[in-house]
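Each structure below is given as structure tokens.
What follows is chain A paired twice: with chain B in the first complex and chain C in the second.
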Partner chain A sequence: MKIWERYGIYFLAVGTLLIFAILTPNIISQQNILNLLSQVSMVAIAGVGMTFAITAGGFDLSIGSQMALATCILGLNIPRYGLIPSLGILLIAGILLGIFNGFIITKLKIQTFVATLATMTIFRGIALLYTQGHDATIYSHLDIKVFSSGKLGIIPVPVLIMLALYIIATIIYRRTRFGVWVRGIGSGEEAAHISGISVSKVMTGVFVMTAVTTMISGTILTSQLLTGNGRLGQGFELEVITATILGGTALTGGKGSLWGTLVAAIMLGIIKNGLNLLGVPDFYQRLVTGLILIAALSINTLSARLAKRRTS
Partner chain B sequence: MKYAIRAKNITKTFPGVKALTDVSLDIVSGETHSIVGENGAGKSTLMKVLGGVHIADSGELIVHGETTRFKHPVDSQKSGISVIYQEFNLMNALSVSENIYANRLPLRAGFVDKKRLLNDTRALLDKLDLPLDPEIEVGKLSVAEKQMTEIAKAVSLDASVIIMDEPTAALNDAEVVRLFDIIKNLKEQGKTILYISHRMKEIFDVSDRVSVLRDGKLVGTAPLSELDEDAIVKMMVGRDVKAFYRKPGNSIGENILKVKNLSREPYFRNISFDVKAGEIFGLGGLMGCGREEICSALYGLETVDSGLVSIKGQTINLKSAASAMDAGIAYVTEDRKESGIFPLMGVCDNLTMNTLTEISWFGGSYLPPGEEKSIFNTYSDLMKIRSSNPNQIVRDLSGGNQQKAVLGRALARSCKVLVLLEPTRGIDVGTKGEIYELLDQLTNKGLSIILVSSDLPELISLSHRVAVIRDGSVAGILSGEEIEETRIMKIATGAEVCA
Partner chain C sequence: MPKNKRSTIIKNLFADKGILFALILLWLIGIIANRNFRNPLIFMNIAREAAFVGFAGIGMTFLIITGDFDLSVGSLLALLAIVTVSIVGTVGLFPTILIVVLLGAIAGGLNGTLSAVMGIPAFIATLAMYFVYRALAFIISDGNPVQFQEKWFTSLGNGKILGIPTPFIIFLALAVLMTFVLRYSLFGRRILAVGNSKKASTISGIPVMRTKFGAFMLVGAFTGLAAVFLSSRLWSANPGMKYGYEFEVISAVVLGGTSLKGGKGSVMNTFIAALFFATLNTTMNIFRVDSYMQRVVIGIVLLLAFSMSGIRDRIEEYFRVRRSSIASAKAGD
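Let's look at the complex of A and B:
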């Protein structure tokens, strides 16, 4: 059963792809695959940060609101300062959002779930205030388009960004002190504290990661829509959390699976895309996604029960 | 004389409790110093003050000649003190080497230098002669191996004082021997060791000197050579304790519980025995022989494959714990912390938990406060539970008082048979005596008790009869004079086969 725990999501993803390839062969056309990967890039990129957060034993519910704020920041600043300075502002904003979350969690000692539930509302409020609830359109500033429709060879830029981030994140996860500490804190915060690890700093670092990766996803979204709006990104956090958990990152902390998150995000994309191609209404997609989540998480319980029945 | 630690007039108060009063203790460099005392005597608090987890209200701490004030566990570590807590402070998802060097992972070009990390760890483990794989995840280790990891970590932090909190509590005999070898090795390397334990034999095996705490005060410190077991026990409890070996009373009545051909593969099969009113019926056997499983089956926690259980001739249904309770069976778990107490609920709530439907009106819709109160009063008097008020949360009580709360909860619901597992595990001598007295009272009133205890002398001295379980079957039933240690072990190991 260990194999399932570790690679289950890969089997599931391949199985899903096969089923849809039979039902609607269009899904495996080169064009569609590249499109699909571009579509999942936002969830997958924010999934990098979320994988670190859940591995550290935390949660970040505020990223949907952070994404909305990201679109607003770009939508309002690009007309004034141009693209590059606006991206700089966005980066600083991301870091500040992460530090703010980190401060509430580590200094005010509020559980991540509750803390980010609060900041989810706060950030949404800031985004709406910032744009006064209106659209901040940048239809005439097409240079930002590179983040959604730009290509290197045949590969879309968002897919490249996504892959690059996963490679960097894997190195951070496996080969740096920060990575070891994140896993350590996730498996025992008190133990980590007593081992001399600065839990506050590492936790804050983790929330800066979720915020910054979300800013990148927000940039891609802005580039697609050429609009900033404080109502965007609702439910985005749940999509990202779903991909992370499906990918095999343990909710108990300590064990993350970055590539699992990526594959799970792609699989969810395949389901969405496949059902679209088949003409199945959106309502069913939600239903299917939920059922798959339950199936994936219950397989451990079910297989344990089966094994027990066999021995007795 | 060179002192590793000098604690002077340490006082520490928690809301409602004075945990340490004016404790002054000198630990000589290089000695192995045992600290003994009942649960709640202040050992853990003293240790946590030394470990920087608690800050003393007043008093002075001199470590290696320097007056210090620990605000944080890391401060204590920095001055060379390492505490190995019972529950350990390890990160399960990390490897042995990552745990040992957690806050100073060697770097190369900004990345963790795995090669050096492994080499350093191997060198350290070799030096201490610890058979551990540095790359294995700590979550996969046994308790003994986790302890070794903690010891290696302490040594790697260059600790000169290593404090061990009941290190043998979860170890088997072979592992205890191994631990003592490690302690010897540490001693040869000049480490000072503070050893906290309940087990008299170990104290005599390892210590140079012994300090006894009672009710948060230091009763005395003496070299081991000047002490014997009785003297230490007397210091601990401040009064003479009823002898450990005692004879059970003789007021046994008619058959109450009848168990016939109970089977649950692969754990046990064809288990049959009777228990009489007022009788303590012990279940003996080696670890994994199936006696815990028999007990949980009797309480309906696991469904059996076949067999019958009857109380006073009436066959009872064991499909759930609730139905077992209805039939008059009470149960006290062996794992107080995990499955016994409701740690965050008050003493009163803990005591009434099994009885709520009985004491409430209209089938559970209203709980009259008076009824709860009266159960609390009855059982905290009967069991002598020491709590500051009915709502004090059970987590904050000492182990002995927690055990009494668990036992009281089981008894509050009227019952004819009590399934009692490990009634005195991890509790102090004084409370042990109180629990033994309570069991006497209960059997005098005609309660039947099925007892499981891994403390063999306890099992022997409490039981009227002992069924020895081997590989899931009753290998023999001993009674009266037949019940003795070697005989039980012989049957349990299969050296003697009963007809």
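Let's look at the complex of A and C:
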């Protein structure tokens, strides 16, 4: 039963892929797979930060608004300063957003859920104010296109970024003290505090991570749309949380699964892409997402209950 | 009724008055600073708008007291609003209300089955249903807005009784009723007990699962009521309506002092918090605050309110520790 809990998402993903491969063989063409992976990259990349946040026992509901803000920052600054300085501004903005979230959570002692609920509204407001709700278009600055349609060999740049981030994040999670601290705080904040971990610093670090990874997702989105707008990214936070939880990261904290998040994000992408290829209206994808989430978690909780009954 | 009992009822109605003071303060500022605010019609509008978040807020208060919350109410609202608009012409007003509230309760029961009965954490269970209900709203409406032709139905959301907006009257009546349910009924006491300690409740024989299930059904039923009034108010419904409604509702409940940790909360304070939100929106409109700036202000107000309760808890904790240390020092003499 432990095996299901840990690797269930891999079975689910392969199963989903098989079903769609039978229904619409186009889905496993090389072109489509690369396309699918690029589409998935935004949720997957923000999923890195979210996996750390949920492992530490927190949430970040503000990332949808952060992503909107990222597109606005790029949309307004690229025409003025060019691509590289704008990315620098974006990075600084991301770090500041993360520190702001971290400050509220650790210093004002507000639970992460409600704290980021409030900053979700604030960041969305700032994003809308920043462009006055208008589109900030950068149709004539095509150098940013490299983040969505650029390729190295045959592999799209967003996919490369995604894979690189997952490798780096895995090293951070497994091999660094920061990773150990994050897991420690998620397992028990009190105990972590007593054993000398600076909970507020680590938590702030986690929220900087969610913000910075979201900025990267935002860069890819801007590069796809060549537009910045404060209304983008609504509901993005829930998509990312869905992928993270489906991937096997425990909501109770302490136990994260980075590659699970990636696979879950890919699986959600397969569903969306497969239904598209089959010509099913977009909104059925939400239905399937919801049902799969229920199915996966019912199996988890029921198997846990069975295991408990067997031992007792 | 004995006098001290009555006074505890009144005390319970207004326990934890921070949000009430904030509301009165906001009203005073508005009245002093702006002439438009002195028009009673403004208050009628505030009262009307408060009801739409408030209905679901009443149910959500019960659920949050048990220590869970429901992320699916926005999607459910859209789904039930579409159902309302689709059936109101054929079945009439009261059957519509009955059917939609019942459907809401069934949907809430479904959430409850997943969460309370099967043991999936409420956050994830209702997150899944957030996708499902929204998808169903799109599927049954084919992605298009729906409208009703029956003009009489608009009076439910837009009408007045004795000069007071109908939704507000119903909202107030239900808030008072549910305050009594929470404080004095078996179900209400169980809700509070489960929120305080699941373990202690189980040991003392309270059916924890059924109580939580009931709270989920209550959220669904009240969301149904919100759907009926809102679609009447808007003359229509569309499957993409009210994204983020779940967050508005949860914010109002938490702003009213109901703790996300469970065990503590008041329906009357949710009622006042809903009024506070509506007042804040209206005030900012009157003062011509940029509509984007309004979001920033709302977020900051939420942050202030949330940190208040943390600070208050810490002050209480401080005094409790001090009192007990004084007591033990005295005992030591």
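Following the convention adopted for this analysis, the second predicted complex is superposed on the first by the 303 of 312 C-alpha atoms of A that agree within 3 Å, B and C clash if a C-alpha of one lies under 4 Å from a C-alpha of the other, contacts with A are read in each partner's own complex, and residues count from 1 in each chain.
Note that a contact is a pair of C-beta atoms (placed from the backbone, for glycine too) under 8 Å apart; a residue touches a chain by one contact, two chains touch by 3 or more.
These numbers were taken from a predicted model, which means no experiment stands behind them.
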Between chain B and chain C, positioned on chain A by superposition, is the outcome a clash or a fit?
clash
If touched residues of chain A are counted for chain B and for chain C, the larger one:
C
Could you look at A:R175 and tell me whether it touches chain B, chain C, both or neither (first, second, both, neither)?
first
Which partner does A:L142 reach: the first (chain B), the second (chain C), both, or neither?
neither
A:I84 in the overlay: touching chain B, chain C, both, or neither? Say first, second, both or neither.
neither
Chain B versus chain C as contact partner of A:L117, first or second or both or neither
second
Who does A:L297 touch here: chain B (first), chain C (second), both, or neither?
second
Footprint of chain C on chain A - complex, ascending:
61, 104, 108-111, 113-115, 117-126, 128-129, 132-133, 230, 234-235, 238, 241-242, 245, 251-252, 281, 283-287, 289-291, 293-294, 297-298, 300-302, 305
Which residues of chain A touch chain B in the complex?
171, 175-177, 179-181, 183-188, 190-197, 253-255, 311-312
As the complex stands, chain B meets chain A at residues 73-74, 77, 88-94, 98-99, 102-105, 107, 110-112, 114, 139, 153, 265-266
Across the complex, what residues on chain C touch chain A?
71, 114, 118-121, 123-125, 127-132, 134-136, 138-139, 143, 239, 243-244, 247, 250-251, 254, 260, 290, 292-300, 302-303, 306-307, 310, 314
